[in-house]
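A, B, C and D label the chains in the order they appear, each numbered from 1.
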Amino acid sequence: MIIIMQRGATEPQIEQLTQHLTSRGVRAERLTGKEQTVIGIVGGSGGYDITAMSAMPGVQEVVRVSSPYRLTSRAAHPEDTVITLPDGTRVGGDAPSIVIAGPCSVESEDQLRRTAETVRKAGVRFMRGGAFKPRTSPYSFQGLGFDGLELLKKVSREFDLFIVSEVMEPAHVPAIQEFTDIVQVGSRNMQNYPLLRQIGNIRKPVLLKRGAAATIEEWLMAAEYILAGGNDKVILCERGIRSFETTLRFTQDISAVPVIKKMSHLPILVDPSHATGRRDMVSSMARAAIAAGADGIMVEVHPDPDRALSDGAQSLTFELFEEMMGELVRVADAVNRPLLVDGYHYSPSGNRVPVAGLP
Amino acid sequence: MIIIMQRGATEPQIEQLTQHLTSRGVRAERLTGKEQTVIGIVGGSGGYDITAMSAMPGVQEVVRVSSPYRLTSRAAHPEDTVITLPDGTRVGGDAPSIVIAGPCSVESEDQLRRTAETVRKAGVRFMRGGAFKPRTSPYSFQGLGFDGLELLKKVSREFDLFIVSEVMEPAHVPAIQEFTDIVQVGSRNMQNYPLLRQIGNIRKPVLLKRGAAATIEEWLMAAEYILAGGNDKVILCERGIRSFETTLRFTQDISAVPVIKKMSHLPILVDPSHATGRRDMVSSMARAAIAAGADGIMVEVHPDPDRALSDGAQSLTFELFEEMMGELVRVADAVNRPLLVDGYHYSPSGNRVPVAGLP
Amino acid sequence: MIIIMQRGATEPQIEQLTQHLTSRGVRAERLTGKEQTVIGIVGGSGGYDITAMSAMPGVQEVVRVSSPYRLTSRAAHPEDTVITLPDGTRVGGDAPSIVIAGPCSVESEDQLRRTAETVRKAGVRFMRGGAFKPRTSPYSFQGLGFDGLELLKKVSREFDLFIVSEVMEPAHVPAIQEFTDIVQVGSRNMQNYPLLRQIGNIRKPVLLKRGAAATIEEWLMAAEYILAGGNDKVILCERGIRSFETTLRFTQDISAVPVIKKMSHLPILVDPSHATGRRDMVSSMARAAIAAGADGIMVEVHPDPDRALSDGAQSLTFELFEEMMGELVRVADAVNRPLLVDGYHYSPSGNRVPVAGLP
Amino acid sequence: MIIIMQRGATEPQIEQLTQHLTSRGVRAERLTGKEQTVIGIVGGSGGYDITAMSAMPGVQEVVRVSSPYRLTSRAAHPEDTVITLPDGTRVGGDAPSIVIAGPCSVESEDQLRRTAETVRKAGVRFMRGGAFKPRTSPYSFQGLGFDGLELLKKVSREFDLFIVSEVMEPAHVPAIQEFTDIVQVGSRNMQNYPLLRQIGNIRKPVLLKRGAAATIEEWLMAAEYILAGGNDKVILCERGIRSFETTLRFTQDISAVPVIKKMSHLPILVDPSHATGRRDMVSSMARAAIAAGADGIMVEVHPDPDRALSDGAQSLTFELFEEMMGELVRVADAVNRPLLVDGYHYSPSGNRVPVAGLP
């Protein structure tokens, strides 16, 4: 912490502040500039909230020096975190970049099976599908609940897919983790701390979506709750932030990818479906994400999007999905992060080539 | 719903869309303009998600005509909702405007009692105090939990104060409502739907804070969850939104007050402490809120803010709090919404005058 | 300036940085904390751009200590700036709060005369009217230009009104200042530096509107251009900022009022017409502005808003304008900044009382 | 235009509105829904501002059907605009994607020549360099002015480079276009309409940067000013928008690329230097831009960024620039928009291959 005094702060004000610190056992050092004085806390704040002092007389600003996230920071853990699934498939670090695809909501067995088949045929190993749906309106379809999870489990076994599905309340965590391979915390729950604490208690990988108004720092602090709880298998997912621009649903913050890579060791995915809200924008943003260095993407696919019960406008048709996959393979190769397509990837010339380093 | 076709949409595209609607029992009417065609859904969409069609060929945009919130809308309920507390104190409508004051977190019995005394002496009837605290960092003080609620109950009885305190998870709702007169849903939980549904099941008044990135519409939709559950005692609370301006913690959206008054019948309060994050800004914004027509304000007060365990920088000292109360009384009178100060209000000349219409 | 080194920055990196500074004659002092090192620039940066060093190896962040605006800062000029017009009318400081009212665009002599008469009858001394109009679309009405200014001059003499009108390009400044009492720099031109420099050369008061995406600091820096040019008669005007909330046109940042009062000595007005874009929201926000401590407000009034050539939806009818004036008088009294209404102000009981200290 | 009446709008209100329209010669058609009435303007609004009616009694909202930009819209001009420079080099459409590189400001002949040499050696044909600089602070380096332009001209001839430089005021347009191949309108001047009109009068290509708070629509409307003036050689450039996220300087809106491609026929570039403000983020975002389908990128390069007079932190070193070029070549190939590198492009295996279709 550094406390910057106002221009014109008086000597008694500086004195009062220093005593306030000393009285609580905080060691401070003074730096006298030409116009302003700066006080540095050199030995830690002893758990004391220094920012509370930002309103004291003569204080201009309290500047935090060290990042408030510890376990999630790159400084604490210089190597990339790589998350390994039961069969050895890896996410993050130099592992192949992944695709998670599937419907917004599980609607029926037929819908799910048709999607699973298409997704699997394209070489994808991860399927998403919502059973518990956070919906803005209480009158919208709220998901099939545990029936939806049963369907996901059944179909995933059939097609050998890893399942990603969302949990919305702390009490559901133990049950839902049984049905999923990666437990998702949705955007609206990024700062649902009782939920994050429960998630910290399990050992399944977690996909932590960014809140629509969450800063990078708040997002990493949310991850910190999970890591501090003992679960270090966190995958971050950028899904668009709120800005003044409303042509699309949200503004996809692609720069979050290199920023997270710099500040943290956790893997980061990008979800262009929720960010754009329009299927004709999804491929471009998926390519951009991979080109920027994301560890993968997550997209929505539906056999008949115009009739989907939720998020139809942003769901890819099977045709668009396959087209996107072909493009992604090429971009992923160009940035030396070949796409994980069932142990293979497509070469630019269209040949399937085994991915080095995969089991 | 209205579907606007693109300039240059072909007749077959329009035909396909109309058939798509008709096949699902939706009655559509066509309006042929000079350059573009518009299709109006005239008899309701039959529960069908028309927005999913916004990505169909030839469609430019799907425009919603009617607001998605029903129970919370002014159209559905033209008179102001007035919430009555057990002793007859009223909030909303033409009732006197209220002040809720108290510490961010309950820290100790001494801290709470000193605050309660000051708050009560100023004539205020509502005290806030956090027992379960949503904190950005897992390493920050997380509140005293049920011990804090016990303290609130004890002190509130002593000083005859109504208690406002936050609930963070669905499972806590039944217990926490026993300790509070108004149950608060915090900003980070505005779209925590399992929590909103639980809150819909109780009959205590609810203070629903606006999410930092929530549009007015999303906020009213969150309230709709509670009303749809059967609890119509919802008080909205503006607490600052996220914008690019970072001099203060958030940007207080004062215009939400007249907007909500237009669109909804629910009472609306303003919380300038969280919005500004700085105690020297609180009074100005509290005055602005009352002048704009808010039904009241909520502020943080602490006996020794520089040593507070949370949000010290934004907590008013007792002295600043009393100064603010004097100012608010005058502004409230000027807009004909006299402040509720224990059954009295201060006249501009400083005399205490009984508030008409109070029990 | 303070340079915060990363956790784990090496001694050679710190050394390299210090040498880089020393080699350019900048004196630096080192503060060694428990985990991180901080380097303070103690004697000024000698015109050298220290922020360029924020990308040097080992550097975490460069933090500016002193505000970049000098002449506009409260520190440099502790007393409020009060701007005096030729007849002794004052703006800012403890002078009565003012109202500027008039049409968005000058459309015709009849429109202008009818508006002037209404405005004047309400006791208002300042009339706005656009002759050169910045319009988002090249196909919208662009203003009457110098013909409009001639009309403004003529009508203003007739009704003894001060004229506020916008200038859009540097070359027009000398001519336009002849027609106006206060020269307006519009929101879109807040960072039009050649224009600001020209404005710095004149001696007329300037109304500097805030850019829709301008931070408080950028706004004060724009004012700094004018003051640095030699014109210290700058009045700031908040007119709404861009946020994600789109129910209204912009988000009125009322908190800019107390923030500016803290950081600067310049007067600040609020324009609720452009901020809200809707006439039914204008009065609430005007009252909030005055209650928060603004030195006045600026609103749009039109004899027949539904037929206005620009901004009709946000223009007050004469009836709404008069209603607002009555309310403002009361709020202004409540905060001890009585409204300037032609040398008088209305007491809460409705009596006209002379304003103390006016000529 | 479509006028949506409120739920509960009365028959007389609908009647009044229809008469208001008819009296001005606007033909309206009525669509009566289950709960609300919609009025469609079927024959054009006759230059009349229908939005002014949005505040009339009973009106809920006025919805624009057709886009306000005409010349810049894809509907008006289905083929991509391709801009051809004197030697036949093309920008936009299916032409190779381009790189514009150079210093933020022209500082000296030595700085410029060293940069030009590096840029040229990498095969780049376009050099940027600011001579007139819009700076937030009046105390910052403001550029060398016409001396800077002379240097640009001299060096560009020597290295056969096209020059991109900014013009800040209308009066400078004729002179500056003589020194440049592409005239740049900066972000802060995107809505400087007198400047846009002057630019509309020349025949040089224009690089129109997006304002930091400009919506896509406002940006296209700014381009519309230039096209309406007769200059159809407009290249758009995304350079970051203002959002709440402040880890980087701005938020790069990569989705603007596919959105612009859908809505307009104009070429679009991306400037990751200004968007991120940090050189270690530039390459990732440049790759993302090309992957998303941009027609090129613009970056800042400096021989000694830590000593740059402006924007040093975001300027690439020569080494980082060359590294980025190698990466871009591969990504551009992967999306079938090979990079224009002096008539050649690098194959993924590192071989220079002539670009098909280049002169």
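Everything that follows uses one rule, which is that a residue touches a chain if its C-beta (ideal position, glycine included) is under 8 Å from a C-beta of that chain, and two chains touch if they have at least 3 such contacts.
Since the model is a prediction, treat every value here as computed from it, not as a measurement.
*Asks:* Give the fewest steps needed to get from chain A to chain D, where each step moves from one chain to a chain it touches.
*Replies:* Contact-graph shortest path, chain A to chain D, evaluates to 1.
*Asks:* Need the most distant chain from chain A, centre defined as the mean of C-alpha atoms.
*Replies:* C
*Asks:* Taking the mean of the C-alpha atoms as each chain's centre, how many Å separate chain A from chain C?
*Replies:* Result: the chain centres lie 40 Å from each other.
*Asks:* Centroid of chain B to centroid of chain C, CA atoms only: how many Å?
*Replies:* Result: the chain centres lie 30 Å from each other.
*Asks:* Using the average of all C-alpha atoms in each chain as its centre, how far is it in Å between chain C and chain D?
*Replies:* 28
*Asks:* Could you say which residues in chain C touch two or more other chains, in rising order?
*Replies:* 213, 242-244, 246, 280
*Asks:* Any idea which chain C residues touch chain A in the complex?
*Replies:* Interface residues on the chain C side: 2, 4, 6-8, 29, 31-36, 38, 40-44, 60, 63, 65-66, 75, 213, 242-244, 246.
*Asks:* State the interface residues of chain C toward chain B in the complex, per the touch definition above.
*Replies:* These residues of chain C touch chain B: 213, 215-217, 241-248, 251-255, 257-259, 262, 275-276, 280-281, 284-285, 287-293, 327, 330-331, 333-335, 348.
*Asks:* Once bound in the complex, which stretches of chain D touch chain C?
*Replies:* Within the complex, chain D contacts chain C at residues 20, 49, 51-56, 68-70, 134-141, 168-171, 188-189, 191-195, 211-213, 218, 221, 224-225, 228-229, 242, 278-280, 305-314.
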